[in-house]
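Right after this note come the structures.
You will see subunit A twice below: alongside subunit B first, and alongside subunit C after that.
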Partner chain A sequence: MDLSYLWSALQAGAGKILPTVVLALVPFGIGVLLGLPAALGRYFRVPVLKQTLDVLVSLIKGIPVLLMLMAFYVISSQSFDSVMQSLGLPFSFRGLPKGLIAGAALAVYAAAALSEVFRGALASVPKGQYDAAYACGLSKSQAMRRIILPQVLPVSLPMGCNIMIALIKSAALGSLVSFIDVMNAAVNSMAASYRFLEAYIAAALIYWGICVITEQLFKLLEHHFARRRTA
Partner chain B sequence: MSDIILELRGLEKSFGKRSVLKGVDLRIAKGETVALLGPSGSGKTTLLRCLNLLEHADGGTLRIESQSLELHRAGKKESLQMCRRTAMVFQHYDLFLNKTVLQNVTEGLVIGRKIPAKEAAQTAMDALEKVGMADRANSRPQQLSGGQQQRVGIARALALNPAVLLLDEPTSSLDPERVQEILDLIAVLAKSGATMLIVTHEMAFAYEASDRVIFMDEGEIVEQGPPREVFGNPQQERTKQFITRFLNNKSPGYFI
Partner chain C sequence: MKKIIALLLTLSALFLVFSACGKTEDAAGVKTIVVGTSNDYPPYCYLDANGDLAGFEKELLDAVDAQLPQYKFTYELFDFKNLLTALDTGRIAIAAHQYGTNPEREEKYLFGTVGYFQTADYIVVKPDTENVAALDDLAGKIVSVAPACNWALLLESYNKAHPQNPIQIQYYESTPQILSSNLQNGVIDATIMTIADVQLMNTMLGTQFKTVGEPLSTTETFHIYRKDEAELRQDIDEVLQRLKADGTIDRLQKAALNSVLKTK
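Our next item is the complex of A and B:
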């Protein structure tokens, strides 16, 4: 192993930290926005919605993210142009940022995974909290916003952190649709010299770093909520 | 009794095929303290929950103050309005775990009743003062003992200034040495003119602090009357058995 190659691979990989984090963070955000209502629909057994979501989540959980990504790619390569044409919009598949396809696949995965997390967290709130809220004259939505969800979100943090980390690592799959993340940048930089071991070690170190920082950020959030609960 | 503040007629409630309340009638006068007794599973909690509209009844009409409601077809808005006429003290306290003691009490005032925050805080502090918890206003429920939590639970209900205060076995989860102080607190409230319906297994308390005792069994009111009569000279066989069982278990002779 050659340290100078490692160093230049590190530099190449580090240059793509931002797109990597964005490719994980945006799907995570979308996953929260979709996963929370989905969890509520499932937990409160909204007719039809619950059954539909149960099947969807089970399906998404059972499919490798890689497969979903490829399916999204194939579907959009076949139909994006004709859809845009029929809508009269000046976009083409050729000009489509491929990160969007990877992001869409990761968002679907994140929504399913986070809906499971939120559902578990909802189940951890004692029934008495609902009774007390209604008995104090709160409406259903007031009880949800002011009493239940503030207890659900802190409980969701540790599992949410795991999903965020899984998303960061999954960003590497973006290379299949020519999205360049940390790993692909590091490997590409060594393509001429065939120093792939250095490239892999460099990428591993960077991912590790990102994940450690992510974990610390989530821990800070957890401490913030824990302090609010007991102080 | 002249000034009837709560009037319930023909309350029916089933869970699935199991009929839990079979046509319960109930009248409570302003300022009255009513003790609701009965074996476990007789429907006492369900009755309170139906009065508070936490449970959707299958039939019956409820009037509290000036509002009447057919319970099985009550709309959201009327239900919420009726619900706000009562307040509930729970067996397991059920304080809001994400709120401080003070916020527990102000929540229903500010959010449920749209009272300005400042006024609500004042009302809440007065209620906490009454139950001896004003000095813990900024504590979290997790930092309090069971007895302290129940005091806050009582303050939370009192602050709402309900027409009728509903208490469901308020001392059943407490350590034995804490039971009496909570009972004493409730007795003080009863004397100060609050209207209360209290489910309890504390017979001595029911005997001394209540104006009327109702004995319930299998979803029906079996017998009711002044505590002296119901305890001293029960008319129904089921009441006799229930009271005798309690006298044998607990210290006998206390109220005879």
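Our next item is the complex of A and C:
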């Protein structure tokens, strides 16, 4: 262990904090947008939709993110150009930022994982809440928006935080598709000296820092909702 | 608090036990030396059809071992980047993976004194590429190399010297198949490889990539030891010197390349 190398690995890794966080945050956002409707469809047993989603979610949950990433890369490297050509769009795989491929794979994972989180949270709302809402004369969608979802979201926050942290850590897999994140920047910076242990420790410290901050932010959100609820 | 201290002590005791694994001595005084290498760099180190370690690194060290009755070499496999960490912690006593040397690395590790392989690194492009003969011709183009290797270093230092029009370095950590299809399809413009690597890739994958220009660098490869292993290094280097002089190294090297080419 050599602290001066650790420091320069820390600097190299810290330079990639932003891309790493973006690579986790954007898929998380997409995951929420896709996962919530998917959870609703499954929880309320919408015919056909529920069965399709059940199969999809179980499929995605059963495939390692790493494998999904490689599959996305190989598929897009083979067909991205011809698809773009037939659509008449001026994009090519050569110019495609590789972070997009990593982001797409992580978004798929996030959507499946978050739909499970929301499904669990939906199940935590007692039946009586629906009955009470309908008794007050609310329509189904009004009851959803005003009574059920405001209870679902706070309950899903702790698990959502876990998914977010899993996504941040998965960003390190992006190196397989030439995306440089915190860990790979740190490791690359040590190529001249072979101080890989220092690089790994530096990357671990940075990831830990990011995850602590993420956790605190989610806790703040939880407090916010908890206050509103009791107020 | 006591529990934490006990836990730490247990962990450090375990660490010590592992530290001792790189070298053990039996009753007859024969020291077992654990050599670390990987399984994904043919023809130097790879798994043969039976899943056993094969390749030039092992062949050569086996030949060395045969002349050193006081040692017995065994092999353990690691990911390239974890090899030196295994050396640091003492799980292995020798790292053998076509290592090149530089002053920064010598600061931390003991390098062998006998280079056992000479490599020349070239720019590699697809057959119809013209006007590329040197690094300057690659400015602004996409060049793909594995992360944390000598070639990555070479490109990074070129970019530091030419900040106005740098080479776009794209690190790949996936398979040679993907590298080769990217080069073939023009997703990347070039890569850097040794002559033997290109030959191997062309034979294995049926491609026709070519090397251009003068070699970017010629390097010799060495075994890596921990700083306190001067005796082990000297014993091995003496044998390597003999094997080099009598042509054994040359022969093993050609045989290793041929056996990989033949299985394809």
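Basically, the second predicted complex is superposed on the first by the 230 of 231 C-alpha atoms of A that agree within 3 Å, B and C clash if a C-alpha of one lies under 4 Å from a C-alpha of the other, contacts with A are read in each partner's own complex, and residues count from 1 in each chain.
In this text, a contact is a pair of C-beta atoms (placed from the backbone, for glycine too) under 8 Å apart; a residue touches a chain by one contact, two chains touch by 3 or more.
All values reported here derive from a predicted model rather than from experimental measurement.
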Partner chain(s) touched by A:F93 [first = subunit B, second = subunit C, both, neither]: second
First (subunit B), second (subunit C), both or neither touched by A:N184: second
Which of subunit B and subunit C A:P150 touches, first, second, both or neither: first
Which superposed partner A:Q216 touches (first subunit B, second subunit C, both, neither): neither
First, second, both or neither for A:A132, with subunit B first and subunit C second: first
Touched partner set for A:Q142, first subunit B, second subunit C, both or neither: first
Which of subunit B and subunit C A:S58 touches, first, second, both or neither: neither
Subunit B and subunit C contact sites that coincide on subunit A, given as residue numbers: none
Partner subunit C, residues of subunit A touching it in the complex: 2, 70, 73-74, 77, 81, 93-94, 98, 175-178, 180, 184, 187-188, 190-197, 200
Subunit B residues within the subunit A interface of the complex: 49, 52-54, 76, 80, 83-84, 86-88, 90, 92-99, 107-108, 111-113, 140, 142-143, 156-157, 160
Subunit B-touching residues of subunit A, taken from the complex the two chains share: 126, 128-129, 131-139, 142, 146-147, 150-151, 228-231
Footprint of subunit A on subunit C - complex, ascending: 81-82, 84-85, 88, 102, 104-105, 107-109, 142, 144, 147-150, 152-153, 156, 170-174, 178, 181-182, 185-188
